[in-house]
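You will see subunit A twice below: alongside subunit B first, and alongside subunit C after that.
Coming up: the complex of A and B.
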């Protein structure tokens, strides 16, 4: 695996995003030099000008917000043996998907682009898994650099990516943080995917679920608990939808408003 | 050994002296709560704490613990990591003391867990008597853990001006003789001790509506009780109740290798039966897929299964699981509901 010709070729792509996840990767490449012993980056707009098309693994940052972007995703899928969704936008649709739950997509578009609204093509936000098959995801806004390294390693070994399926509370308790919810402050920790080391509660901020929701969350119980903590229904919904607004069935509804 | 006393002002020097040769782990304030931490300054020690977020079991079974290192080359080599840190746990309450006694059994009865026992041998326990309940969730009186006759190396009880020190082991006596400056208790102090221990009893309330000894039989008849579904509806499966429990010991083991596949480490870390993946096995089967089944499992462990295996109830009444549950699920209420509704 150390020999030059056996390095796995990887490429990075971005869609609607802030590029923060790619920046985290630039960081990771500096702190985990051994990454470059096992992979060769052939395309990475954020960090290099060359463009190779012979990649085996594609890391895709950002959500899909335009019909015309689908074509690019299809091409990536065709070329890559493995497609990895990188960060919250690609994984869950991220904050971009908040537009899906606005009353009218057209109004939102006008609000953002003013009288030039019609110049900009837009459709409801989708995580990339809604457009193409995705083999793995690295969650978070932004991603955790240690987790990125771990996933690369696991994927190269042919193992499961190793993203936790348990909630943030587990990591929060192991850190012995004073629980925010028990002090009446909102936190989505009980239903949000761990892996971040409960970083927000550790610094006194409630979790907003940037790493997505765990499989089979007890959403009703979570609503009850937030209600108990004194949040209004609107505040509860705002928490739930911050990073997790995207739902398949909204797309159709949202599309009707444009 | 005769009962000894330590002047209150002698606690800090004792801790300081112990710190020369041991890692001293003791309660410290953390925001509005307390946690066991390694003492760096004896002045930070809080013997007046109520309870801690995690129990002191983390000293013996660290949340993440390296078991081995290995190299992968042609002939793979594996090396156990058995270094231990000589430790004094200073200020455990008696419920947690009982928790540690139970863990001692778990990690040595059928199978000697070398890592645990190695650390246990080098760990000394200085406990402290609770003279009033830590809070309304404590039910140590029901579980018989509100005081202790054994399980400690040294046990402290606070009087008005001094701490009475009782030695439970020779090691405890030696620790006190070597590091402390205790003197023999006077008659008046012995009387004050008896008075304090007597006065404490009525301050603690029974929380269970029945004798804890009835738990195994009661639970035996309750496998299909509707309460499990009710708990499953309310439970978020966050795992906090087991993470904070002094008698939970489940762990998982995982290997980490370096990028070039030359070497790696094997670590064990705490796991929880409340998490969905806990009972999942290869092939996609999950023995306790629903939250109701997982809550039932937890309470069965505490009131029945552990008793059947180790002859002791698996709950020491510390109340942590109740305190920590954001869904307000209470083991006491659940046991009482089952008891009150039995035929």
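Coming up: the complex of A and C.
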């Protein structure tokens, strides 16, 4: 058997998104070019012309915004042994789901496309797990480069992806950052999923919750922290819709067993 | 006589989803168009009601490749609306961050997306076997650009610390000194890049058009300026709608734009043609090596203009860092807004061309939004180019025609996800 045949075939797909997560993967190759020694990319439209349909793992970026995209998702699910939701749009619906909380989808369409609004098919944004079964998530807007490499390694070894289910605060404390809440700045760190290295608070901007809410957040402790900061739960939760406007109970937790 | 049917579903190595359609019988072109099939995302609709502090972080998500461009333009429009004037240091850091993005995006486009066509490869991956040194150089340059963005804004894709009023983070003096060293060392890779792209056999294709970009009196314009067209018009950014004149085309998928003619071109080539004199001397040397001097009317050389701008951005980044170090870098908080109500507009010349953001705010909440994206402004020109190129190559084998049309689309470096206006096509 040649070395080529031992490589795991993977494919990348994109739906409604900015394609920044795929770009992050291209960037991951800067430091991890050896990933290409263990996987063979058979489809990656943003970066390559070849289109292979024989793949074991499908990484799907983007949310589902129209009925006609469902068929493509069904086909991917049929072919792939593992479907990985890549980034916030696929995982939680991402910013695309902000249209779901506008007073009227029809009015929002007309605001952008005027009297031609009905030409263009669109329905409320759904994370891909609302359309097909998903085996793992890599959260974030965009995904974290290091976490992507870690998940690929874990998956190839048959392990769980290893996405944390503790809050961003844990990583922020390890970085010895001054708590932004103590400065009266809104931050979703106490209830948002870690794994990003607390990059936003580290660069002085409060967490925006792009990686979704942690399972069983400690709301009472959160309220205490907010009281100290002079903020209310409502003020914080308003910010939470930025990446989590899709109905939260439909978002599955990241740590599904593979 | 021959029948030619080229139908490229989802053109690869471009950002977003688009299709090429060409039908010809007996040498006559019956149908020749580029369709956009990207899902509608409705950004301008859904930012309404959101607080001004969120808007540039949300609109950053229009595009992963030019997120610094969107975030910067959006923050500038909001600052204009709500009365926040950046400090001198904040302005310099914005320009430096912007250079990082131009460099990052142009390296991605020229090396990863365009170069494979010249080596008969489907992507950059087979090039590793053909010429590993070239691929490693591309990876190095891209990392340099990304790291430049990261010391200022935390990361390139969706910058963290870039907010209304400036930055929530200031790079350390030591980080700037380290980055300066790496940029200086990067000159070697840049020289090699110029040599590589100058050696390529660029397709010969000429079609003169109106080139539109920003312009400034004192520098090669990327961030802010006046609107300039090669047909001799100038406008303040506030009057951007006089340039874009958006219109709908029957059987087409996108809002198109036109100004003095039926179409115009934006992007690196437009900037190069309009503002050549302000390029760094080393960038002008690169242009000479590529055989380019204004007016360049070969659309394929948009990628050549990107290589020239890569040199300019590397050199000007060194200059900006020197200026920051000389003045002494200060810890600064973002400048607060002075009102919660107002209307503002802004423009930057992002990697793919001139970009406009325009908002209204009431009580700090966004009530109106409009974003006009470079790629939209290029669709008319791309179609006109396709219709001129197709008859010139119609006698060639179908695969060659297909490749040439794909290369033409790629030359524009289209960013179809930047599609707040782009529409879903209905196939017949």
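Note that the second predicted complex is superposed on the first by the 224 of 258 C-alpha atoms of A that agree within 3 Å, B and C clash if a C-alpha of one lies under 4 Å from a C-alpha of the other, contacts with A are read in each partner's own complex, and residues count from 1 in each chain.
Simple rule for what comes next: contacts are C-beta pairs under 8 Å (C-beta built on N, C-alpha and C of every residue); 3 or more make two chains touch, one makes a residue touch a chain.
Computed from a predicted structure; not experimentally measured.
Colleague: Between subunit B (first) and subunit C (second), which, if any, makes contact with A:173: first, second, both or neither?
Modeller: A:173 contacts subunit B only, not subunit C.
Colleague: Would you sort A:232 into first (subunit B), second (subunit C), both or neither based on which partner it touches?
Modeller: Neither: A:232 stays clear of subunit B and subunit C.
Colleague: Classify the contacts of A:35 with the two partner chains as first (subunit B alone), second (subunit C alone), both, or neither.
Modeller: Only subunit B; A:35 stays clear of subunit C.
Colleague: Can A:165 be said to touch subunit B (first), subunit C (second), both, or neither?
Modeller: Only subunit B; A:165 stays clear of subunit C.
Colleague: What is the contact status of A:190 with respect to subunit B (first) and subunit C (second): first, second, both, or neither?
Modeller: The first partner, subunit B, only.
Colleague: Output check: A:222 vs subunit B and subunit C. Expected answer is one of first, second, both, neither. What do you get?
Modeller: The first partner, subunit B, only.
Colleague: Help me check something: in the complex, which residues belonging to subunit B touch subunit A?
Modeller: Within the complex, subunit B touches subunit A at residues 30-33, 35, 52-54, 63, 233-240, 243-244, 257-261, 270, 272, 275-277, 291, 323-324, 326-327.
Colleague: Over in the complex, which subunit A residues touch subunit C? Could you list them?
Modeller: Listed in rising order, the residues are 15-24, 26-27, 29-31, 33, 36, 41, 44-51, 62, 65-66, 69, 94-96, 98-99, 102, 107-109, 111-113, 116, 119-122, 141-142, 199-200, 202-205, 208, 239, 242.
Colleague: Can you list the residues on subunit C that touch subunit A in the complex?
Modeller: Touching subunit A from subunit C are residues 10, 12-16, 38-50, 54, 57-58, 61-65, 67, 108, 112-113, 116, 122-125, 128, 139-140, 142-143, 146, 153-158, 160-161, 163, 167-169, 248, 417, 420-421, 423-424, 426.
Colleague: Considering only the defined contacts, which subunit A positions touch subunit B in the complex?
Modeller: Residues in contact with subunit B: 1-2, 32, 34-35, 37-38, 149, 153, 157, 165-167, 169-170, 173-174, 176-179, 181-183, 189-191, 214-218, 220-222, 224-225.
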